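Should a chain be cited, it is by its letter among A, B, C and D, assigned in written order, with residues numbered from 1 in that chain.
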Amino acid sequence: MKAAIVGATGYGGIELIRLLHNHPEVKKIAVFSSSQEGKTMAESYPHVSEIIDETLEDINVEHLKHHDVVFLSTPPGVSADLTGQLVPGTKVIDLSGDLRLKDASVYEKWYGRSSAETSLLEKAVYGLTEWRKEEIEKTDLLANPGCYPTAVLLGLAPLVKEGAIDANQVIIDAKSGTTGAGRSLNAITHFSEMNDNFKVYKVNEHKHTPEIEQELSGWMQENATVTFTPHLVPMTRGIMATMYAPLHKGWTEQNVKEIYDKAYSDKTFVRVRKSGTYPFTKEVYGTNYCDIGVTVDERTGRITVVSVIDNLVKGASGQAVQNMNVMFGLPEETGLYSVPIYP
Amino acid sequence: MKAAIVGATGYGGIELIRLLHNHPEVKKIAVFSSSQEGKTMAESYPHVSEIIDETLEDINVEHLKHHDVVFLSTPPGVSADLTGQLVPGTKVIDLSGDLRLKDASVYEKWYGRSSAETSLLEKAVYGLTEWRKEEIEKTDLLANPGCYPTAVLLGLAPLVKEGAIDANQVIIDAKSGTTGAGRSLNAITHFSEMNDNFKVYKVNEHKHTPEIEQELSGWMQENATVTFTPHLVPMTRGIMATMYAPLHKGWTEQNVKEIYDKAYSDKTFVRVRKSGTYPFTKEVYGTNYCDIGVTVDERTGRITVVSVIDNLVKGASGQAVQNMNVMFGLPEETGLYSVPIYP
Amino acid sequence: MKAAIVGATGYGGIELIRLLHNHPEVKKIAVFSSSQEGKTMAESYPHVSEIIDETLEDINVEHLKHHDVVFLSTPPGVSADLTGQLVPGTKVIDLSGDLRLKDASVYEKWYGRSSAETSLLEKAVYGLTEWRKEEIEKTDLLANPGCYPTAVLLGLAPLVKEGAIDANQVIIDAKSGTTGAGRSLNAITHFSEMNDNFKVYKVNEHKHTPEIEQELSGWMQENATVTFTPHLVPMTRGIMATMYAPLHKGWTEQNVKEIYDKAYSDKTFVRVRKSGTYPFTKEVYGTNYCDIGVTVDERTGRITVVSVIDNLVKGASGQAVQNMNVMFGLPEETGLYSVPIYP
Amino acid sequence: MKAAIVGATGYGGIELIRLLHNHPEVKKIAVFSSSQEGKTMAESYPHVSEIIDETLEDINVEHLKHHDVVFLSTPPGVSADLTGQLVPGTKVIDLSGDLRLKDASVYEKWYGRSSAETSLLEKAVYGLTEWRKEEIEKTDLLANPGCYPTAVLLGLAPLVKEGAIDANQVIIDAKSGTTGAGRSLNAITHFSEMNDNFKVYKVNEHKHTPEIEQELSGWMQENATVTFTPHLVPMTRGIMATMYAPLHKGWTEQNVKEIYDKAYSDKTFVRVRKSGTYPFTKEVYGTNYCDIGVTVDERTGRITVVSVIDNLVKGASGQAVQNMNVMFGLPEETGLYSVPIYP
């Protein structure tokens, strides 16, 4: 297989390179950038010196078409245009948020810009791999989920699908490492002011909110509105979503455990922890795992779900490769099955 | 004034030394330890070399009585005994959790050990300074609040007291730096496994839960049960509590702003942020401030309160000194009014 | 006293504000900025909300002259011009590197820009307080030392002045927290790439090299050429300089200890550690101390000196205030004597 | 191949598991521990849940013999005894320091304990793979190099072997992440006191000093004595050694570049950076690379060499696997060729 990465110098791009370099079926990785044409990857990232010798090419649709799969790791507003020219013909996996929301007006409200064409939105499959495998197998246009929604949705899916909670009552308190904010320089991620500090941001305003609500609504078969608060942790990688909801009458910790086991016991990349134990972000570092801990508090009648991922792997490039595997009929784990780097 | 610190080699103790050394009315600081008698403070903490030349003394009630105020920065179970011998006669400020809970059975359930005598529990004033000043002025036995409860209660007080929310509906997601876990070595705070990592712990089981509930119940005039989840952030100091509750009908962001202003506009150490802005933990680093941001989400009908403190200052030793000031009729800010160290 | 700070929104400026706010003789702090006129300090730094209510003024020489002392915390090239208009008449403390090098050609070679006028260079006193007190008392133009040179020179002074080593043989391996690189955004201090990372930079090219050599040369009474390598540590504050040189024949660890004691036993802000112990950067955090450890290795005949400071305090704003105290006839420690914040 | 790991719950052990799990020729990994018999690896390290299901066995020589290779990741003093019982017959790779020093008296002086038997010391090959490949191919007892010596020796080898410097003049200033100090709890690596801090330790006393000197002496064909100072960086993984020496007359940056290219152009895991650029520790994170930057300062006549490795990979378990590959006639890179995880 030949893969192309558009936007290869961002963190999503370099992580795709790391993962695809290790993928047994990918023989060639071409890299594209709108701003750094002619540079080698090693000029931008010295850590790939003598490993990746590709030169960045300007974005060129004709050239992109010569690849089996094109990954778009681009800023908002770019992929809509490119996708229209590549699909059908070339399989596209879009890591931006442009094709995730089915309702153009919701996109426009939260992103503050025009949406992609409705035909593309309809065509794109939302790639939460564990829950959409059959659709992913058939599509050639994949909208790769956002980092927060991946952690949140994998954590809540069994509860919402089985009717154990009402998604409208869900509080999501999420914490992310700084790579989620990308490689662009920003005062909020200046080392001197992020180190030894803990920050909250975009309270009630984060773009991943409607993405979470869209999927929960589909599972509930009614509109879901959630409270979602993201925070920044002084660490490089990792997301923990701590989620709270009242548990419906009749449900117990035992029932709950059963629906998680049913949902995930055959899923390689979702690991449900034993009762009374919870995952830490570093326990999935560098890998495609999503680890989940669940507990029911009899005092309050609430359930607490803790879900962790590596935001650059399962929250972005790893899930993109997992989706690529599914789209090409390969085993889901191909090139992704590794032990987290710890400590 | 002459001050004595029992348990001077812990983080609460060394922070008391830092603050009292800067206090214009404290002329003498004596240090006591059950395990390090005869050592100088500088042997335990080289950073006080040539500044603090006190030698640690074994704990001796007769000697303690020669001081105007005794701070107990001791592990659970120690202060009950000492306090009984010192009060009345000597003013005692207890930084341990032993005298905070009025209901001995609740203490015994959450702490897993016998409670102090009821007479002491009744006598001890819970020292959340901003809300208990009149009682604090009159007492000679002060139970200094826990770090998490301080951040939580200052954040929620206006809402609960004014009836804007039902405390039973409150979700508290709290994040702390590692000094909250003390100086004792523990695998959870081993640098190699805490760095670049984010952890959740004691889900639904933290001892500060009943302390929060006790105070909220008093304000609500009925029993309150909350969900409280603590997390560990890879940073040294600081707590952020992010808190969620449905806002009662009729309340708006404007009303809410007014009750916070009413509660805190004359309180030096509580700073309420402008609408749409939220504090970060480092903005109170090394100081006695509690900074609060509040917002109402019209989409969900929920209020979000963000409250930050330095866990070792307002969450422990700083509030203890603030309480000492009140107990001795000094201006509350004496020795505590300083600019946070930033960055 | 009335103090003015030009460049108040940089890290040197905000640290001056923290220290001067705590200074008993400073009654008024005015803040100036070339780019943020009209903003309050709290807009730039929320941590000073309700403490510092000054508004930033545009730089105006007439206005500056109404202050007793003007601190210039400005980028290269600014202070030469301003200083000429303020001195004599107003005392000026320049925290930039513009007035430190006496030889204009050396400045031009290392800074790559035109030097200040020779008359200013001659007039400016290099303010390494512990070693230049008499000159500082008499000057109204002070060139405040660089952060690295402060740690290095305080560490090496006794050895070079007493002839125990040849400064031409000195290797200086220095490590700094990121605040030394300032508040301007830069890829090298982007959190995601600085966290959990250790960097070396400007090998043999750092501007502080000639500043170190100038002072050592004065002490040796011949030209000194040193090797100086700076590194960046994933921490906010602190410098450690580890320095190596062959010890001249006849010198022993005992002799060496004596010259350090002689040099520093009466200096409040320099603490020499006991044999076999060395300081860590955090042991001076937030304070004006320089802590030094020294050892002689009989196997190799070399001496190792370890010197630590807080780069923003003794390495910048603290030493500037110490120099202000000396220039105004106040005790050197005024407003600066505090316990390091630890941990 | 079947591999056994003795001391599997330490950081060297868990890193071996990560690497061997990814190795195409290793079909079975057995894990041994003297203290945690009967536990699963996941109990000690939750990040390997559902990946590694091995149970820890008590150390048993007969059982160990059934493996093709035994890795000893044990504290000082353990491997001497075990090795004697396993070799010949089973190939042994010892990651402890017990078999590295050929001179038993040197071991006893620096380690403060009895050395292994001389016959074992003579038999063990010091496994700095890039420079000892022929000997490694033939041995069945390998002494895996220490972390600091690996970074130092790869950095200095071309200079010393080609006679460009005198190793007696070398100053080595080394900085390590905290995993180098192991998993045992220690006050020096307590998060609250290591975070935002930079430490120096074991000045002139570190056990890796004689190991470095032994190898340099062999290359120089005379005794070499070096100055070596280790430091602790607030990061998890990575070593940077910054090394200084006067360059012999006649050598230029150009000559020096040539000898590095000659030494390493055909070595996969050593990457020499372009003139004027230097590696950062994170650029080798999680991989077996050693990256080197070299520069000559004409002002001082000194050369500076910067060498970085991941202390747990090239500095321990990665080099051990590289040596295993060589001992078994496999390509050196087998199972080790991957892109560093960045950022």
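Quick note on the criterion: a contact is a pair of C-beta atoms (placed from the backbone, for glycine too) under 8 Å apart; a residue touches a chain by one contact, two chains touch by 3 or more.
Labels paired with UniProt names: A, B, C, D = N-acetyl-gamma-glutamyl-phosphate reductase.
These figures come from a predicted structure and were not determined experimentally.
Interface residue usage between chain B and chain C, two copies of one sequence, is largely shared: over half of the residue numbers at the contact are used by both copies. Looking at which of B-D and A-B shares more C-beta pairs in contact, the answer is the pair A-B.
Chain A and chain B, compared by their mean Cα positions, are separated by 38 Å. Between the Cα centres of chain B and chain C there is a gap of 36 Å. A straight line joining the Cα centres of chain B and chain D is 46 Å long. Multi-chain contact residues of chain A (touching two or more other chains) are listed as 11, 177, 179, 192, 195-196, 234-237, 280, 282, 285, 343. If you draw each protein chain as a dot and join the dots that touch, every dot ends up joined to every other dot. Chain C makes touch with chain D in their complex at residues 171, 173, 175, 177, 192-193, 195-201, 203-204, 225-227, 229, 231, 233-238, 240, 242, 244, 278, 280-282, 285, 293, 295, 297, 299-300, 302, 304, 306, 343. For chain B in complex with chain C, the touching residues are 11, 14, 17-18, 21-22, 45-52, 179, 195-196, 236-237, 271, 273, 277, 279-280, 282-286, 291, 338-343. Residues 11, 177-179, 181, 183, 185-187, 189-192, 194-196, 234-236 of chain A are the ones that touch chain C when the two sit in their complex.
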